[in-house]
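Questions regarding the structure given below will be posed in turn.
In this document, chain identifiers A, B, C, D and E correspond to the written order of the chains, with residue numbering beginning at 1 in each.
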Amino acid sequence: NAEAVKVGMILTYSGPNASLGELIDRGASLYVKLHGKELPAGTTVEIIKRDDTGINPDLAKRLAQELIVRDQVNILTGGQWTPNTMAIEALSKQAKMPYVVMGAGGSNVTWQEPYVIRTSFTVWQSSYPLGQWAAKKGYKTAYTLVSDFAAGHDAEAAFIKGFTAGGGKVMSSVRVPMKTTDYLPYLLKVKEANPDLLFLFNPGGPAATAFMKAIADIGITTSKIKVIGTGDITTDEELPNMGRAPLGVITVHHYSAAATRKANLDFVAAWKREYGANSTPSFFSVGGWDGMKAIFDAVRAQKGKMTPDATMAYLRNWSNPDSPRGPIHIEPETGEIVQHEYVRRVEERDGHLANIEIETLAATGDPEKQFKAKP
Amino acid sequence: MSSTLINILFFGLSYGMILYMTSVGLSITMGLMGFVNLAHGVFAMLGGYATVTLMNSLGVPFFPALLAACIMVTVLGFVLERLLYRRLYGATELDQVLFSMALIFISVAIARIFWGPLAQPIALPKYLHGHIDLIGATIPTYRLFLLVFGSVVAAALWLGFDRTLFGARVRAAVEDHAMAEAVGINTDRLFALTFGLGTGLAALGGGLGAEILAISPGYPLQYIIFFLIVVAVGGLGSIKGPLYASLIIGLADTATKYIMPEAGMIFVFAFVFLLLRWRPQGIVSRRKG
Amino acid sequence: MSAVLDLCDVTAGYGPTVIIENLSLALQAGEVLAVLGRNGVGKSTLMKTIVGQTRLHRGEVHLKGESIGRLPSYRRALSGIGYVPQERDIFGTLTIEENLRISARSGRWTVEAIFELFPNLAGRRRNRGDEISGGEQQMLSIGRALVGNPSVLLLDEPMEGLAPVIIDQILKVLHTLRSAGGLVIVLVEQYALMALEFAPRTIVLDRGRAIFDGRSIELSGNPELMASCLGLSGSLA
Amino acid sequence: MSELPVLEARELNKAFGPIAVTRNVNMSLMRGERRALIGPNGAGKTTFVNLLSGRLRPTTGNVFLNGIDVSRADEATRSKLGIGRTFQITSLFPALTAHENIFLALAESAGFGMHILRSARSYGSLHDRADELLEKVGLLGAAATSVQQFPYGQQRLIEIAVALALEPKVLLLDEPAAGIPTSERDLILDIVKALPSDIAVLLIDHDMDLVFRFAQRITVLVQGAILVEGSPAEIAADQSVRDVYLGERS
Amino acid sequence: MTRPTDTALPGKGMPAIPASKRWLEAVPWLLALGTYAAAPQYAPLLTQIFVMILFAMSLDLLVGYTGIVTLGHAAQFGTGAYVAGILAARGWITDPTMTAVIAMVAAGCIGLFFGSLMLRTKGLAFLMLSVASGMFLYEIANKATGITGGDDGLQGVVFSPLLGLWEFDFRGTTAFFYSFVMLFLTFIFLRRVVNSPFGWSLRGLRENDLRMSAIGCHNYRRRLTAYTIASTLAGLAGAVQAQCTGFVALNSLSFELSGAVLIMLILGGSGRLYGAMFGVPIYMFAQDYLAKRDPTNWFLWQGIILLILVLFARGGVLSLAERGFHACCRRRPG
C-alpha cells in the first residue's frame, strides 16, 4: 500500500538548446537529491524524463499524452518553451492534469488555464520595471534591440511601456532574426543613433555572448551609451565567456547566482558540490528547483494520495518564503508566480564577473495580465 | 556618411570572410570531390573545440593551438576517410546524406558528453581584441585580422588548385573513377589527401570563426545552411567561387541589416534565391567554359 | 624472347559473372593484335581486364615480366598501359588541355605534340571535354592515351566516329609507333577489314573464348572462315 | 507546283561564344527523302541536328517543319510535331529495361504522358508495339534487362528503336552505326528501308560504305558551311570532298 | 516476362514482387492495426508515424521517382497545417474533412508557385532554392504573429467531430483511425500515380531528362505537375497533423522537419512507396525508445544505428529486405 507518485518532466535534453534544459533539470534534480527523501512514510516519487528536442510542440504534446495515458503520471512538469507549454496546456485542461511550468516565460502561458502554475517568470516581470526604473534614473532616449521571437516581442513591448510611461523616448526598435550570427551591422546603426540607453533582449546562451562581444568590439561599451536589459543578456552561465565586455551593464531580473541571501548561498554551494566548481546555477535552475519543491510540497500535503483537484488547490496557494531568489508565491487566480525583481550591475568579484544586486524592486505578478485585466 | 559606407563595406567583407573560412573546406569535399558531406560542420566544430580546449586547459597560445587543432582534425579526417567515407564514394548522394547525418548525430552527442551543452568561450589574444579607429570608422581588430588571413588562405588555395593540376586530377577522379585510374591517377591517395585538406580547412574555419559562430554541440546542424549556401552560390568545383559567394552574401547581409533591419532573414533568402535563379550553376561555374 | 604483355589462362568478368574464359595471349614488342567478334562477346571486357577494371577470377597478367594481374588500375597505367575506352570516357568537366595534362608522362608524346597531331583539339583547348564533337572526343581519348607514352596501347574501337582522313592519319601514326618504338598495340575494331589489314595477328572472340588466334591473312584469305567467325560474307571481303 | 519540303533549314547560324559552328546552312528534306550528311570531325553535323531537333537554339535563321516555323518551339514540341532523332553519344534511361525505354517513348508520342491514374500496364497495344520494335532490332529476348547491362553495340540499337517509337515524319540519325560490327550494319539499312516511304531520313555517319548504300543525296558540311551537295556518285568523285574528308581510300 | 506488374516496389532496377507474393503488401497495414489492438496506449505515437509516412511518401514521389531532391518540403506541410489550423482556430471552418481539402488546395498552390520558380534548376542549386523556399515561409509565418501566433504557436485549434460523429479525444483514438485511413487513401492514390504512364515518365526524368525532352516530354511541366501533386499530399499530411494534435507551430515549416523526413525516407529506401513505411517507423520507434532510455545521449545511439544501416544496408532498409527476399525466392526450388 505504498503510494507511488509519478511526475512526468518534459524538457529539452538534446539538440542545440539542450544547455537550457540541462540547467532546469539540474535545479530540479538538486532538489530531489537534497529533499527528495523528505516524504510521508510509504510514499515514493518517480520522475519520468522526456526529451522534446527543442521547440517542437507536436512532439511535446505527444510525449505529454503518452505520459498521461501510458505512464499514468500524477503531475506534469518541465515546460521549457512557450509553444511546447501551450500545446501541453490544452491537453492538461482536457485531461485535468496538474502542470507545473518551470521554464517558459511567455505571458499567456498561465492565462486562464485551470491546471497550470508557473515557477519561472514572465518577460514582462523584468522588462516593465526596468523601463520604469530607467525613466526614473533620468535617461531620456532609448534604442531597443531584441531577438525576433515571442519573448523578444514581449520584452520590447514591456520595456517601451514602462519607459515611455516614465517620460522616456524610444528612438527606434529593431528585431534581430534568431538565426543571425553577425550583430555588428545592427549595432553600427545604434552607434550612429547615439541614444542614452541600449535596451537588449536575447534568448541567452551563445547569442548573448556573441551580442556582448560585438557590443564591445564596435566600441559601444566605451561610449556614453548605457547597455541595459533583462537578466537574459548576462546570464550567470554565460558571463565567464564574455570576457570583460559586459562590465557595468545594468540588468533587472529575479535571480542572480551572486546574491548573498542565505538561501542562495546554500543553494549555490550545494550546486557547486554537485556539479563542479566551474558550474553556476542560473535563473532557469532556480525555476527547476522551486518547481520541484512545489511538486514535493503538494505530495507531502496530500500524503501521496494525489487527486488532480486537490493538487491544484494546493499548488494555487503555494508559496516559498525562502527560495534562493527571495520570497515567492503563486497568485491563486492566475497560477502566476509573484516574485521580487532585482536591479543588478555586472561587476568583478574574486576575479570573476558577477551580477551584483544593487536594488530590490517590489514583488509583482505578471504586469501584462494586470493591464489586460483592466480593460 | 562615407564612414558609414566604409563601415558597411568593411563589416560585410569581413563577415563574408568568416563565411568563407568556415565553408571553404566544404567546397573542397563537396564541390571538388562531389561528396555530399553535410558533416562538414563536425570538423569545423572539432577544430573549434580542440583550439578552445588547448587554450583553456593547457594554456597554449591562440595560433599554436589553432595549428595543432588543424593537424589533429586533419588526422582524424584521414582516419575517417580511410575507415568510412571511402566506402561511400560510389554511393548515391542520398546515401551520402544519410551517412553524413549519422556522423553529425554521433558527433553532436560526443561533443556534448565531452564538453557539455554550453557554448565554449574562446579567449582571443589581447592584440586581437577591441577596435581600431580609422578615419571615423570603428574597425574591430579581429575582423581586420580575419580579412587579411582569409585573403591569404584564399590565395594559397587558388595557387594550389587552379594553377596546378591537383584540382583537375581530383575532378577527373570524381567524374570517372575508373578512367582516372586508367590514366595513372592514384585516386585512393588523392582522395585521402583532398579529404584531409578539406577537414583541415574546416578545423581552421571552426577555430577562427569561433568568436562569431559559437562552438557548441549543435554547431554542425546550426550552420549547415550557411555552408551549403556558400558552396551552391559559389559554384561546385570552383575555388574562387566560394570566395566571391561569401563576400557577396556577407555584403548583402550586412547592407540589409543596416538599411532595413526589420526585413530580417527574408531578404537574405530572397537574395540567395535570386542569385541562384540567375546563375543556377553558381557564380563561378565549370559548366560555362 | 619474352613477351611484353602476357595473359595466362585468364578468366574474368563483372562481379561473379564470368565474361572472359581461359584466355591466353602473349604479345612481343612491336606486335599488333586485332581483336574481332560480334557485339557483346567480351572484346571490351578483355581490354578492361588488362587495364584492371574487371574482376580477375583466375589466371595471370604479366607486363614486361612483372605480374600486374592484382595491381590497382593506376599502377598498371604507370607501368605502361595506355587505354582508349570504347565510350571515350572523356572527363567532361575538365578542359581539353586538362584532360591531356593530367595523363601526361614524360616521353615522346607531349601535350603540344598531341595538339599538333589533332589541330581540331588545339583550337578547343580551353573548352570543356563535354563541349566538343564526338569525333573530337575520340581524338582526345586517343591523345590522352598517347600522352602517357605507354608501352602497350589498348584501343577499343578507336576509329569510331572519326572521319576517313583522320583514320588514315591515325593508322599512320600507329604504324610508326609500332615499328620505331616497339609499342604493343591491341586493337578492337568493328571495321574488320581495316583491322585485318593493319594488324598482322588477329584473335576472334566468341562468348568470351578465342575461336581464332593466328595470322590475319589466314583469316582474310579464307572467306569461309571469315563467315563462320565473324558472320562476314565472302563477297564483302 | 513543287512539293513543300518536310523539314527546311533556312540561313541557319549557330555560334558558341566566338566560335561559329554553323554558318548560313540551307537545307530542305523532301517527303520520303534519304539524305546523308557527312563532313570532317567538328564540322558541325551534330550541332546541325541539334538545331533541327530543338536541343539548341540557332543564333539566327529558321527551321520549318511542313512549312511551319518551329524555330522557337522547344525540343519536346518538335518531337511531338514529328522530328525524331538518335544521339551520337548514347542517351537512354540506364536503370530502366529495354522495354520500358521504348514504352516511355511510345507513351509520350501518343500523348499519354499525363495520364495519371490509369495503370501503364493496361496500355496493351503500346506494349505490343514496344515488343515489335525490340523484335525489329533483334533484342526482344532481352526486353526485361535494364539497358545499362547491354553491350555498347546493342545500346546503339535500342537508341534507334526509341527514335522509331516516336513514329517521326523526319528521322535524324546521328552515327547510328557506331559500335555495330560491319557485318551487322545491314540491319540498320534494313530498318530504314522498312520505314514507311513518306518518312524523310537524315543520316550522319563516317562509314562511307553505309552512307553510299543508304543515300539518295549527300550533303557535305565543312567548318559549319555546306561544301557541296549531290548524288553519291557526284560526291565520291568530288576532289574537294576527297581532300577534306574522304582521303585516299574509297 | 517483359511487362512489369502493378506494384509499388519496382525501384531503381529492382525486380518487382512476384504476383504470387502480393499478399505481402497487406502486411504493413495489418501490422499497424495489430500494434494498435495490442497496445492502444501507443496510439499517439502511431498517429504521428502515420502522418510522417504520409509526408514521406509525398516526398518519395519527388526524391525517389522524379529525382528531385528537396530540403524544403516542409513548406508545403506547414502550409497545410497552418491553413487547417487557422480555419479551425478562427472558427471559420472546423469540419476536419473540409479543412483538409482546403489545406490541400492551399499547399498545392504554394507548391505550384515555388515549383514554377525553382524547377528550371537542378541539383545543388535546386536543393538550396528549396531550402530558401522553406525558410521564406518560415520567416513569413514568424513575422505574421497576428495570424499564426508566431513562435508561440497557433492557439485554440479545435476541430469539430470527424464526420460529425467522432470527437478528437485526448487518448488519440479518433486521431489514430483518421490518420490511418488518410494514409491508406494516399497510398492507394500514389500507387496508381507511380504505375501510370505519368509515373513512368517521372522515372524517365530521373534517369535522363534530356532524353525525355527528345521523346516529346515537356520536362518542366511534368516536373511541376509532380511537384504540385507531392505538395498537395504534403499539405494533407500537415492538415492531418494539425487535426490530430490540435496545435500548429513554426516547426511544421522548419528546415529541420524537411531534413528529418528526407532522412526517414532514405533510411527506408527511396523510389518505392514502401520505403516510407519502413523508414519512418524504424526511425521514430528507435527515436522514441532511445530518447526514453537516455534522454540526453540518444542522439549518439541514433547516429550509430544510422551509420550501421548506411554502411550495410545501402539504398535503405527496404533494399536490404528486398535482397533478402529475392535471395529466398531464388533458393527455393521451383
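The rule is short, and it goes like this: a contact is a pair of C-beta atoms (placed from the backbone, for glycine too) under 8 Å apart; a residue touches a chain by one contact, two chains touch by 3 or more.
The structure displayed is predicted, hence computed values, not measured ones.
Taking the definition of touch as given, a chain qualifies here only if it contacts chain C and chain D alike; none does. With centres set at the average Cα position, the gap from chain A to chain E is 37 Å. Chain D and chain E have CA centres that are 42 Å apart.
Chain C and chain E have Cα centroids lying 50 Å from one another.
Computed centre separation for the pair chain B/chain C is 44 angstrom, with centres defined by C-alpha atoms. Residue positions of chain D in touch with at least two other chains are not found. Counting partner chains per residue, chain A has residues 14-15, 18, 22, 148, 177 touching two or more of them.
Within chain B, residues 108-109, 112, 221, 264-265 each touch two or more of the remaining chains.
Under the contact rule defined at the top, the touching pairs of chains are A-B, A-E, B-C, B-E, C-D, D-E. On chain D, the positions that touch chain E within their shared complex are 53, 55, 74-77, 79-80, 85, 87, 91-97, 99-100, 103-105, 107-109, 112-121, 123, 127, 131, 143-144, 146, 148, 162, 165-166. The residues of chain A lying in touch with chain E in their complex are 11, 13-15, 18, 22, 49-51, 53-59, 61-62, 65-66, 68-70, 82-83, 86-87, 90-91, 94-95, 106, 108, 148-150, 153, 177.
Within the complex formed with chain A, the chain E residues making contact are 41-45, 48, 139, 142-143, 145, 150-153, 155, 170-172, 241, 245-247, 249-252, 291-292, 295-299. Touching chain B in their complex are the following residues of chain C: 51-53, 72-74, 77-78, 81, 83, 85, 89, 91-95, 98-99, 101-103, 105, 126-128, 131, 144, 148. Against chain C, the residues of chain B that register as touching in their complex are 165, 168-169, 171-172, 175-176, 178-188, 237, 286-287, 289.
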